[in-house]
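What follows is a set of structures to go through.
Below are two complexes that have chain A in common, paired first with chain B and then with chain C.
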Partner chain A sequence: MRRLAVRPAPKRLIPMLVILVAVVAAFAAAPRVYSNQLLLFNTIVYLVLAQGLNIIYGFTGYLPFGYVGFFGAGAYGFSLAVLHWHTPPLAALALGTLVAIILALILTPLLRLSGAYFAVANLAASEAVLQIVSNPNLTDFTKGPYGISLEKIYNPTLSYGAAVVTLAFTLAIVVYLKSSRFGLALQAIREDPISAGMAGVNVVRGRVLAWLMSALVAGLIGGIFAWYVSVFYPETVFDLSVSIFAIVFALFGGTATLVGPILGVLILYGIYNVIGISTPAYFQLIYGLLIVLLILFLPNGIVSLIDRGTRRVP
Partner chain B sequence: MTDELLAVEGLESGYGQLQVLWGVELHLHEGETVVLLGSNGAGKTTLLKTLLGLICAWHGSIRFKGEEITHLPTDARVRRGIVYMSEMGVFPDLSIEDNLDIGTQFLPRHEAKERITGLYEIFPDLGHRRREAAGSLSGGQRKMLGVAKALAAKPHLLVMDEPSAGLSPLFVKEVVQVLAGFHRAPDLSLLIAEQNVTFLEIADRVYTLDGGRIGFNGSVGEARENDAIRRAYFGLK
Partner chain C sequence: MLEYSLLAGILFGLYFGLVALGLNLIFGVMKIVNLAHGDFLMLGGYGAYIVFTDFHVNPLITLLVEIVIFVLIGFPLYYLLVPRLQASRDPEMLSLILFFGLSQVIEALATLRFGSSERSIPGTVLGDGPISLFQQTFPVAWVVSGAISLLAVGAIYIYLYRTRIGQLTRAVMAQREEALSTGIDVQRISAIAFGIGIAGAAVAGVLSPFMMGSITPSMGVGITITSFAVIVIGSLGNPLGTVAGGIIYGVALMFMQTYFSSWANLLPYLLLIAILLVKPTGLFGRRMRNA
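Let's turn to the complex of A and B:
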């Protein structure tokens, strides 16, 4: 009998690495040919957030509506380190990321919840963090509702570079999850935690690691956002719409894939910027229609158009 | 007599306040196939889940290859070679290949590859459709995938919870034939919890479980001669 070959791992890996390199190279080179660096930067921010959300939702099934809380924690961790301890930006980024991870660790008990309960509890936690940092009584430390100003370290070129590196790092995490046994174990948890446990998957460990990884990338890009814009209000970095955009982008493209959230961000954020700013009325209409059509006909995102049941979309 | 692989002594467990197992004693030797007969609600699934650590043991002990595993977590038991196959064991949204990969998660990569290639020879239908979602398989094929996924882990002890559930008699025969291929394999023992006596064809010994207590324990021949078993499971008077 002819032996059926088991697919070699590199065959799965190569298309994903090609996509990773292409996307990162495009964003690294784009400022040389396109002058609107802010738009490019915001696109990177959403690419990272959509992929970070992909890590926790796409691979384990937890949908965190308060995901922006990690972004805000990273932004404030970075900013306070710079303001109070005069930490250099790169070291401050590490501290900002650490703050986001600590917040994720504090919120780890939420992983006992599921579905809407988790989503709502997570949202409430994010709102609670916003209330703390914008509290006027803490103005001496957090600058309260008056926001943060970091003009001394303003450096859009370097912070843009840091964002590109973060994008590469985030995409590399997703590539790892798509091609590793750990990522497969996470998908088994998403499918059915009880069966995953029966198969020997350590469900608690898998969920917590995915949760921390998704917090890490959001905290990191939150810190870079603070560095890039240098002036912001608490509502800017804890804005619920940031979570909603990241969720919609990831779902639109297709979760548990590398390309899905990339396509989701490029298409929807592209539409947002082409028509959303100039003619918001049409934007709302087109955006709403797109989401309704997606839910009706492509509940697994636009990648399901190329998937055709093979489960092999990069 | 070969070495003892599994020794369950005085095992008690249940759910919340409800005690299901009462002092269960069960022994299984290397290379042996044991069928655990029991009607619905007898406690078969509870016993198997307790063996796997999916339910905590209240009292008693479980030893595997001489090692006390009563309080080990499930993943540690799977790493030691105890694999559970149940009705729910397949992930329908993952591909057939991914399901088997989950089965081989504790094997070295090169060994996992060989193992899966070997399983595609035993289950050619799965091999031909390996990139399709497991959910696209029929009930019987899914059962076969469940068996293949469990075997992929290269278990020393494969614990099966009603492998005939929901299958036509034809498929039950096919499952029995597949398992017969592994019967008396020196490195694999089977513990099959069933109501269907067809599985006695591949059994070395039989236990019965009734009301959470072990009733009969003996050879297949003795089981076929036992009046209570004949009445309860063979439909004979």
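Let's turn to the complex of A and C:
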């Protein structure tokens, strides 16, 4: 049995805020000293997705294999608003996020399923959305399989800034969950929903809120991704491996912590960029082995090396 | 047109039942999701392809050899991965990720060894000319594959319901803890089920060049999802349920391809979600899957 964190104490808040400010400041300043802005941007995208996944999996135990569906919904909501109604980018971001939240609301009944059923049903949902969006019959509206092109609003500086703000926002949500009664209630639901319910925790409300929060950040960063890259295909933003990357990054570092997913993204996405692009098959091999070894020998992530079961890692 | 779709759907349905059967057996016995299921199927397909192109051996002979090989691969793989996984805090969830990792390893090795282009075996290898069934003509490979699927499912049915080990396997499926406390060697029973599960995938794999047109190293994930849909339509731990699930899926797929071809790809996903939400126990099951 896992031990639950004791009462969230205010003194644990300060190290987390320091980490939040340090990470956000580092990514805000990095483009001035490092020229590969695309790599920095993609790292932010994965940081947000890994933390968004942490919100739902780390704190409630639901593993959404189709998490990328919200990312894609945000990207398409943003793009279609820009293409069809010439919405200014920031307003289109709000619309894209709204589309992701609506998708999450439609999928809320999936939360009734447990374990692998939830994971696979969610995966099927994300694939279903991809099939609808990329269907040639809807080419007039979604551009079907031919993809989206938004070069008129292309603005790497502004969209990079929006990504940094989203990163700060997402990390702030995790800090809030780590230091609030609500976050503690979610972890109680994860451990034992019946006992948590008897102790006065509103189980359904807690799960749905966590679900919507994780969809919100994924939809937001999805819209920003569309804005930043400005040309993409449906398969790009509904790619199953985006979900898997986010899951593995979060697990590798350690879920239900603030630093775990950050470490996971920096280490694994770093490795990916060193070997993954030049020799994809070898990367896939190493990556697969790494996942197998991780689950067999370090199922609580690398923070468990520091943590030793105390659950005090920020 | 209607009769053709229906009959083709049944042939494909029998095949899809076989595709999903191994996944169902492993999930039923061990409560873990073998996300590498489709990749074992892919390996079975490449085995048949290589032996056929290099040595001109009929895939039906390869099929028998592969059953033995995959059962033998299954045992060590089981003991290497599963007991450790089951000792962890959340075996069901972590199994998804662990076996996804395994699926990546298999896919990468297959890509490095076989290349990423599509491969196929001519359907005439299984017999000449089209076959007539109820005034409808079908490629002989479809009929042979459907028949072999039926045989394989029958064999697993006999194993589960007519042998001693099969009875013990069903005991583990029904109540793992109680099976353990009555002295059943749960690890051994599970290892056998694991071996049979991936051997079933390999058999379906040998037939896959005929039923799916061609094989590629990356075909695994899609097949695993389809298999999951078939299992969910049928029900857990019930081989006949899986076959019924396969036939419902196959017939629905053929009707979609005939009448709404551009939306046919959507079918497995929608069917999966709809059944999970409306009748989470599957059409032939009693177990609960709710949180």
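Operating definition for what follows: the second predicted complex is superposed on the first by the 299 of 314 C-alpha atoms of A that agree within 3 Å, B and C clash if a C-alpha of one lies under 4 Å from a C-alpha of the other, contacts with A are read in each partner's own complex, and residues count from 1 in each chain.
Keep in mind that, in the parts below, contacts are C-beta pairs under 8 Å (C-beta built on N, C-alpha and C of every residue); 3 or more make two chains touch, one makes a residue touch a chain.
For clarity, every value in this text was computed on a predicted model and none was experimentally measured.
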Considering only touches as defined above, state whether A:Gly260 meets chain B (first), chain C (second), both or neither. neither
Classify the contacts of A:Pro299 with the two partner chains as first (chain B alone), second (chain C alone), both, or neither. second
Answer with first, second, both or neither: which of chain B and chain C does A:Pro64 touch in the superposed model? neither
Who contacts more of chain A, chain B or chain C? C
Let me test your reading of the model: by the given contact rule, A:Leu184 touches which partner, first (chain B), second (chain C), both or neither? first
Have a look at where A:Asn202 lands relative to chain B and chain C in the superposition and call it first, second, both or neither. first
According to the stated criteria, A:Pro193 is in contact with first (chain B), second (chain C), both, or neither; which is it? second
Complex contact set, residues of chain A against chain B: 1, 3-7, 9, 181, 184-185, 187-188, 191-192, 194-202, 309-312
What does chain B use to touch chain A in their complex? 52, 54, 73-75, 77-79, 83-84, 86, 88-95, 97-98, 101-103, 105-106, 109, 113, 116-117, 120-121, 124, 127-128, 130-133, 136, 149, 153
Would you mind writing out the residues of chain A in touch with chain C in their complex? 2, 61, 63, 65, 109-121, 123-125, 127-128, 131-132, 135-137, 193, 240, 244, 247-248, 251, 281-285, 287-292, 294-296, 299-300
Tell me, which parts of chain C touch chain A in their complex? 27, 33, 81, 84-85, 88-90, 92-98, 100-109, 111-112, 221, 225, 228-229, 232, 262-263, 265-266, 268-270, 272-273, 276-277, 280, 289-291
